[in-house]
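Structures for review follow.
The following pair of complexes shares a single chain, subunit A, combined with subunit B in the former and subunit C in the latter.
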Partner chain A sequence: MSEWIRFWVVAVLLCIGVICYAVEVVGIFRFGYVLNRMHASGIGDTMGLLFIVLSLMIASGLNLNTLKILLLIIFMWLTSPTSTHFLSMVEMRTNPHLDRYVSRRKAP
Partner chain B sequence: MSVETAYQFLFLTALIILGILMGIVLIRSIIGPRVTDRILCINMIGTLVICSVAILSWLLHEGYLIDIALIYAMISFLTVLVLASVYIRKGSGPARAPEGDVLRSGPEMDAGVSCAGGDRLMAADPADRIKEDADE
Partner chain C sequence: MKEEFRSWIMGESDPMEELLDFSQENDLNREERRKLTVEKLRVLQEDPDEQQKVARVRGRFTRFYYLVAVLSCVFLSCVLLFSISMLPQYGEENPRTTEVKDRYIEKGVEETGAVNVVSGMILDYRAFDTLGESHVLFTALICVMILLRIDRKNQRTGYEDYYTIRSDVYYDLSKDSILCTMSRVLLPAIVLYGIYILLNGQNSPGGGFSAGAVLGAGMILFSAAFGMQTADRFFTMKACKVTIFVSLAFYSFAKGYVFFMGANGFENHIPKGTPGAILSGGMILPLDIAVGCVVSVTMFGFYSLFRRGSIGMDVDYAHYSSKPGKAKGGRQV
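Coming up: the complex of A and B.
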């Protein structure tokens, strides 16, 4: 019986993770500009990965793989904002038509 | 139905859905108008692949696949950083940028304009740029 309880917990967490990824993909198509699409892609990078990996941790029990999966979460949560920041920097530096999408304040 | 069969069914379904999502993101990266769209989509595909490899490591009972997922995460991060530094060096600041969108490439653009080779892009015909602006 306890195995089935664990199975349903894993199933719910996995479904939440997959739904997060589906929302991310829908958002990629619904938004119209790169800096808006980054907002959508942040959902999957944080919550989708967290829930799927959490379900795997519960399914596999406590062993060395759990520690490695935890390391994966920590690494992805550190690197995903960094790469998004770099991408937005590329967009700000190289798009000549930036004023159509972004309203920038003049420097005083 | 035993618990093992239920786990197999659950994780296989998740893998199939993740594969379909990967294909959809690939379509988005093909039609994405600018280079940053494409890099963003490649980053998303990388995250999906990391999740799939983590699920596969449970399905196949192979612990070392999680190490592969970690290395994949590192290489995906490095890809974004290297591409970003390349494009930042190529287009240097919004003040110097010409009227045409330098990094924009797609089926609606002229054949001579692509995202590779910045100096070739600078030499594009100004009349085309004006026409393109009027189209937009």
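Coming up: the complex of A and C.
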């Protein structure tokens, strides 16, 4: 019985993660501008990764592998937003036609 | 004649300067170059004779290009198909390759003392090959240095100065609070992991090349987060030279010694240790460290050279930039 419950929990979490990634992929290919695409890719990088890793942790049970998978998600959650932050910074600083895409408040 | 040759060697004059007309144009800055290109195109559009001449030359060249492309493709396909026909059938035992592979797998641990068979292969059986690979990295670093390094001969060329050019300062994202905080958290883990796979290369997957890549990436992250000036405090030109020279010289001498004292299964007096321990595998651990040093220094050197054209602050920039256009030997505009 407990195996059965675990299987369904894992399956449901995995499906949610895959749906997140599907949303991400659709967004990346349908959006035209880099900041919109970054917004779409953020869904997969945070939620999709969270659900898939969570399901894998439940599937592997309590052992050393679980800890390693946990380290994986911590590492990804630390590095991925940093690199995204930098991509957007570079875009904001280098695009001369930024006002076509982004509405910014005028600096006082 | 002799004087011309000497000045060409010293980089003061270029005999091809008159023949190749791009040498002058490239010295201009972007705006003027764009104006020149627009002017050229305008002249070309107004002059039908010139247009015809260009079209004729271009057509001839295109035909020649297609001919050579087709011929070389056919030739290459023939060579490849011929060599494929010489390969053994799929699934058939090939004694020439399986012999070596079986030997490595069966006797590898016993002969090299390394649990990781790949480490035993690249640093014991085929250590000479790895020596060549390290020297390839070293040569690549030298070539990039030749092409990109800004020293006192070419640092003031009038159109580019990496310390005053606007973009480098403008796009410099170091000292960003998010990146600094993240680097403080991540850098110890990255460096520790690099050192771990460097020292554990003979027991687990890893070894010099991957550890060098991890350490080099850590150094790149450090310099990107805390600024190039911070990285200059420990990574100077002298440190780069000394590290690479000591590593390669140590590798050459140590492996040469092993070769002469008996390698590849012959008796030698270098202790192999118990397989699985940190100090096992004979010369594999020191050679791994040497390779790791070379790889990490090469990676960071590439980054530093591409980023700003120098490794460390090896030229007194303040002194030279105070006298614009007076640097010796560089081309003046």
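In the analysis below, the second predicted complex is superposed on the first by the 108 of 108 C-alpha atoms of A that agree within 3 Å, B and C clash if a C-alpha of one lies under 4 Å from a C-alpha of the other, contacts with A are read in each partner's own complex, and residues count from 1 in each chain.
Note that in this section a residue touches a chain if its C-beta (ideal position, glycine included) is under 8 Å from a C-beta of that chain, and two chains touch if they have at least 3 such contacts.
Because the structure is a prediction, the values reported are computed rather than measured.
Legend: residue contacts after superposition of the two complexes on their common chain; A:65 is shown touching subunit B, with no touch to subunit C.
Touched residues of subunit A were counted for both subunit B and subunit C, and B has more of them. In the superposition on chain A, contact is made by A:89 with both subunit B and subunit C. By the touch criterion stated above, A:10 is placed in contact with subunit B alone, subunit C being left untouched. When both complexes are overlaid on chain A, the residue A:52 reaches subunit B alone and has no touch with subunit C. Across the superposed pair, subunit B and subunit C both touch subunit A at residues 75, 79, 82, 86, 89-90, 93-94.
Here subunit B touches subunit A in the complex through residues 3, 6-7, 10-11, 14, 17-18, 21, 24-25, 28, 34-37, 39-41, 43-44, 47-48, 50-51, 54-55, 57-58, 63, 66-67, 69-70, 73-74, 77, 80-81, 84-85, 87-88, 90-94, 97-103, going by the rule given at the top. Chain contact summary for the complex, subunit A toward subunit B: residues 3-4, 7, 10-11, 14, 17-18, 21-22, 24-25, 28-29, 34, 37-38, 41, 44-45, 48-49, 52-53, 56, 59-60, 64-65, 68-69, 71-72, 75-76, 79-80, 82-83, 86-87, 89-98. For subunit A in complex with subunit C, the touching residues are 75, 78-79, 82, 85-86, 89-90, 93-94. Listed in rising order, the residues of subunit C touching subunit A in the complex are 170-171, 173, 176, 178-179, 182, 185-186.
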